[in-house]
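Each of the next two complexes has chain A plus one other chain: chain B in the first, chain C in the second.
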Partner chain A sequence: MSVDAGSAAISARGPRIIIYGLLILFAVFYLLPLYVMLVTSLKPLSEIQSGNMLQLPQAPSFYAWEKAWGAACIGVTCEGLKGFFWNSIRMVVPAVTISTILGALNGYVLTKWKFRGHKLIFGLMLFGCFIPFQVVLVPMAQVLGRLGLASSTPGLVLVHIVYGLGFTTLFFRNFYVAFPDELVRAAMMDGAGFFRIFWRILLPASLPIIVVTVIYQFTNIWNDFLFGASFTSGDAAPMTVALNNLVSSSTGVKEYNVDMAAALIAALPTLLVYVVAGRYFVRGLMAGAVKG
Partner chain B sequence: MSSKDVGMQPAGARAAPMGLPASPSRDDLVKQAPPGPGSGGVGWLQANMAKLVLSPSLAVTLVFVYGFIVWTVVLSFSTSRLLPIYKWAGLEQYARLWATPNWYVAIKNLGIYGGLYIAISLFLGLFIAILLDQRIRGEGGLRPIFLYPMAISFIVTGTAWKWFLNPGLGLDRVMHSWGWTSFTFDWLINPDMAIYTVVIAGVWQTSGFIMAMFLAGLRGIDNEVIKAAQIDGAPTLQIYWRIIIPQLRPVFLSALIILLHMAIKSYDLVIALTGGGPGNATELPSTFMYSYTFTRNAMGVGAASAVMMLMTIAAVIVPYLYSELRERRT
Partner chain C sequence: MAFLEIDRLHKRYGATEILKGIDLDLDQGGFLVLVGPSGCGKSTLLNTIAGLEQITGGEIRLEGRKINDLHPSRRDIAMVFQSYALYPTMSIKDNIGFGLEMRKVPKAEREAAIARVAKTLQIEHLLQRRPSQLSGGQRQRVAMGRALVRNPRLFLFDEPLSNLDAKLRVDMRTEIKRLHQQTGTTIVYVTHDQIEAMTLATKIAVLKDGKLQQVGTPAEIYNRPDNLFVADFMGSPSMNLMAGTVRASGNGAMIQLAQREGSIALQIPPSVTARDLPPEKKVIFGIRPEAITDIDGADRHASQLQTIEGRVDVIEPAGSDTYVVTQLGGKEVIARMRAEASLKVGDLVPFAFNLDKALLFDPETGYRL
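== the complex of A and B ==
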């Protein structure tokens, strides 16, 4: 309730002006890189080299965006980011879907069908969220190679499902813990089985936490770099890896406008999700994670 | 971060044990959801369906998390260089690791980066949260501005800051064109200062998220005490310092854990911003592990460094998770 907001709020006039001033200053700090990226991506190279990076473009053009999307050289091929963009999409969709479904079922089991050791299992899965992934890179690369999944999108899907399970389970577990057990028990009395109870009773109430989990997983997996860089090469790389290759390649003239356009293209999907679903996400997260 | 109500929560919370807290009092009502066979009398399958459903996830976790950790530990005790070789080498690789000057650079950098990143993020996060908690008009418009960096990838963040701080074309040029011609900012290519650019970009990315956690905490504080202090005529600053901030202890703890674990795992940002350079000036344990394992043909040393990273994180996370899970007293 925003009624609670600022119960110790300062109300004197002078300090309030300072407070607003500081907030605006911070807002500028957070917005500046985005602004600079955007402006730079719309300028021709000559203007970038001669002018001030904060200036608005004199003749905005989408040349850099088109080149970043379809013609910039990444490694040996010069077809832009579009192929890698689709790699990321093809990786994210199944990985998010499967890890969310598994997380929901796990959360359901861990709260409504408790058995001895359920806490230990949850703890074990949770710890998996925190490990530095450096500690699994080599074994994972070996296993992917043996499964014939090295440098492939299905391989990355597997990796992201495996290391996303802890988070999705955590979200659903914390959400279902607050779901009335009485309802579940009543359904059991009526003879409803495991899946029927899940399908008819818990799932219809789960929309908020599903949205939260999907957005969280989407953001994390889309933004991943370490796994993409470790387990893929060449054309199979996801977006973040391609972006890094594009930006750090040192052949030819450095086209900062193309770099910035590429960075924005890579950031766009998650930013879009944040802008569109931010509010809903927030509400769901509070319901799921905090209400407990 | 267990507060009752806030207008917000982080967008792409990368690290989030969010919501570990919040003990469910309701749990005690039903000690055990009857796992037994329903009235249908369906037998074994129905009785064990729950365990059956959970088992693939558990198996995957045991293999891909714990099995792989053991595997890496084994590698760290082997003679592996270019490829995994399972020949016992005792502590040789650890000895080699701790005799590598680069590893000390990585640890020192992690100390500088981690220390500053955590301290500044905590301070800035709390500070902005307090500012935002002053019944600010337009709070709803400001919050997303502080939070959006959480939604984007560290690679994008690194790319953006690398350009913004570009010696010559970036901040330098801006200051020059504003008339401050003696201004130079060469931190990105200055070995002594490069690590601080990583701090700046890291703080930019995460402090909004920390702000959100603190704001949630602030909104969850009991008003009565504050009201009483106000009636007693205590100045606002003192109310914050004496009453409000001490009550945010749990938030500090959660935020600290998240930041610490993010700092140790930091990899993408350094790669995108400085590539570990200039030279090895921004080497971190994570970049050290990667290059020794995959490009320098020293897989055993790489594995040893990965084990060191794991142990550092485990030393913090395990007690934290243990206490969080215990509190639930289910």
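== the complex of A and C ==
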């Protein structure tokens, strides 16, 4: 009996070691670029040109970070990324907020206030999720022009809201489909109206799906390059476009440490969102699979 | 004019007609129970009263006012749902107070009302909890509290006890009855449990396939079912229904029922109102198990008692009584005898039929004769 148990433990340990070994290997593999970026951003240029990529910095400094943030030349101005960083924030906050709220309302209506043709509407919205970015560029540019929003942050916000709506609606609809109709009916009999029911009954129960939607939208919108490059210009550009300009504007020597620092600054907000809300993200994706 | 009046109510989903012309009324303080088999339209009828479903025809009036087109929130009707439908993110207190809050009742008044209802239902110690932290019976109380606190004109209950275990169900049944007697509220209650229907109702409406079969007091429904469906549906064990034939006899007519060997003849029950029962007419003879007893257990006040011999097929002791199964009219017939009656399977014993309680039905139409 005890022998059996012992050998079972050993035979279970064998595959376990292999699995963990592989997992660690892949983790290292994926973390390596991040590591290189981080150490490079902390090294002075001379050390980069002479040394080994993987070596730790001998004399770490935040020079490159400061320059990337406040002094690097992007196009003709040399004021670093900071202006563009705020552009991105000004774009991402309203775009994520509005598209999430609208998605929640859409999901609510499509599941709890069904109307004739609700399936068709939802189908079309889903279809919208599959339209490639490139296809909408020209018509979108025309619409923005008509609206007088060309080359502006509000214009970009509008584009992201419209493009994200299909996804946010999908998320919320699938979440609310599982939400009991009887609760809505009970609230109705209690005297609550359309918005009250949404605000007091559904929304408080929606935290997991809100987190999922916010993370998804935030990552997509923050990282978007194509819309940013197409619908803004000059000082109105978002972070991603500025980063590209910074890295590709080749005046003088290539400052790898500044490029790396700039790239890390660009990636920081999405990282932050994952760290803060990632726990809920997984939970949200699982919601519905397990009944709470 | 009754308190609640339902007039030729029709409801269809697409092409299928679910409610086919319902006429019902209920006086103030009444307790109307809707019973019927699954899918007969009980919930649908309740939802149309609540306003949660639109109706396709007819009229619903409350205190003489037509309410068909009124939004559910404007009807001043409260409903207790089968799933309880407690708001999961609110405390019990907020659950109960939500309806008052929506109706803009001032906070102090609201708190007082919540406290009063919590006291009645003995859930004061639960007020700070969430619904997920309650047991089934406690949730049930909260759901009732949420309806009670608003003091509505009409209460609707949709199978409120069906999610509870047997013991708790009996307790809550008593509680609902007590509540009704104390507060004198008007209630429409859906169930497919006919014992619940019998014990709670002042008026029962039996529904089948979207049509009312019979409306009456529990005693009327139980003792004088209008048709075979109601006779069979109400009561447990259900009424014995045996196929028989009218035979001419010296001083009138008898009902002949086939036994396993031979046959017996029973007198026409006094309940039969039909004038002419032509000889050879096929009938269904209906009698409840408690009206077939051993001789000593027979009702002394019965005006028409007839004893026949039958063979005991099965004996089912049920504590206070013993159910005895024999065969008559080609069917198993259940009799209810005293526990003391000494019986053995295979014995030929006398069965006393209390014909006062017997009924005759027309097998073709299903109606009582």
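Just so we're on the same page, the second predicted complex is superposed on the first by the 266 of 292 C-alpha atoms of A that agree within 3 Å, B and C clash if a C-alpha of one lies under 4 Å from a C-alpha of the other, contacts with A are read in each partner's own complex, and residues count from 1 in each chain.
One rule holds for everything that comes next: a contact is a pair of C-beta atoms (placed from the backbone, for glycine too) under 8 Å apart; a residue touches a chain by one contact, two chains touch by 3 or more.
Since this is a predicted model, take the numbers as computed values, not measurements.
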| item | value |
| --- | --- |
| Partner chain in contact with A:Ala205 - chain B first, chain C second, else both or neither | second |
| Chain B versus chain C as contact partner of A:Gly191, first or second or both or neither | both |
| Which superposed partner A:Met53 touches (first chain B, second chain C, both, neither) | first |
| Partner chain(s) touched by A:Cys78 [first = chain B, second = chain C, both, neither] | neither |
| Which superposed partner A:Met140 touches (first chain B, second chain C, both, neither) | first |
| Which superposed partner A:Ala178 touches (first chain B, second chain C, both, neither) | first |
| Chain A residues touched by each partner, larger count belonging to chain B or chain C | B |
| Overlapping contact positions on chain A, where the chain C interface meets the chain B interface | 180, 182, 185, 188-193 |
| Touching residues on chain A, where the partner in the complex is chain B | 1-2, 4-10, 16, 19-20, 22-23, 26-27, 29-34, 36-37, 40, 48-49, 51-54, 102, 105-106, 108-110, 112-115, 119, 121-140, 142, 161-163, 165-167, 169-171, 174, 177-178, 180-182, 184-185, 188-195, 215-216, 219-220, 222-226, 229-230, 240, 243-244, 247-248, 256, 259-260, 262-264, 266-267, 270-271, 273-275, 278, 281-282, 285-286, 288-292 |
| Chain A partner contacts - residues on chain C that touch it in the complex | 50, 52, 71-73, 77-79, 81-83, 85, 87-90, 98-99, 102-103, 146, 150 |
| Chain C-facing residues of chain A, complex | 180, 182-183, 185-193, 196, 200-201, 204-205 |
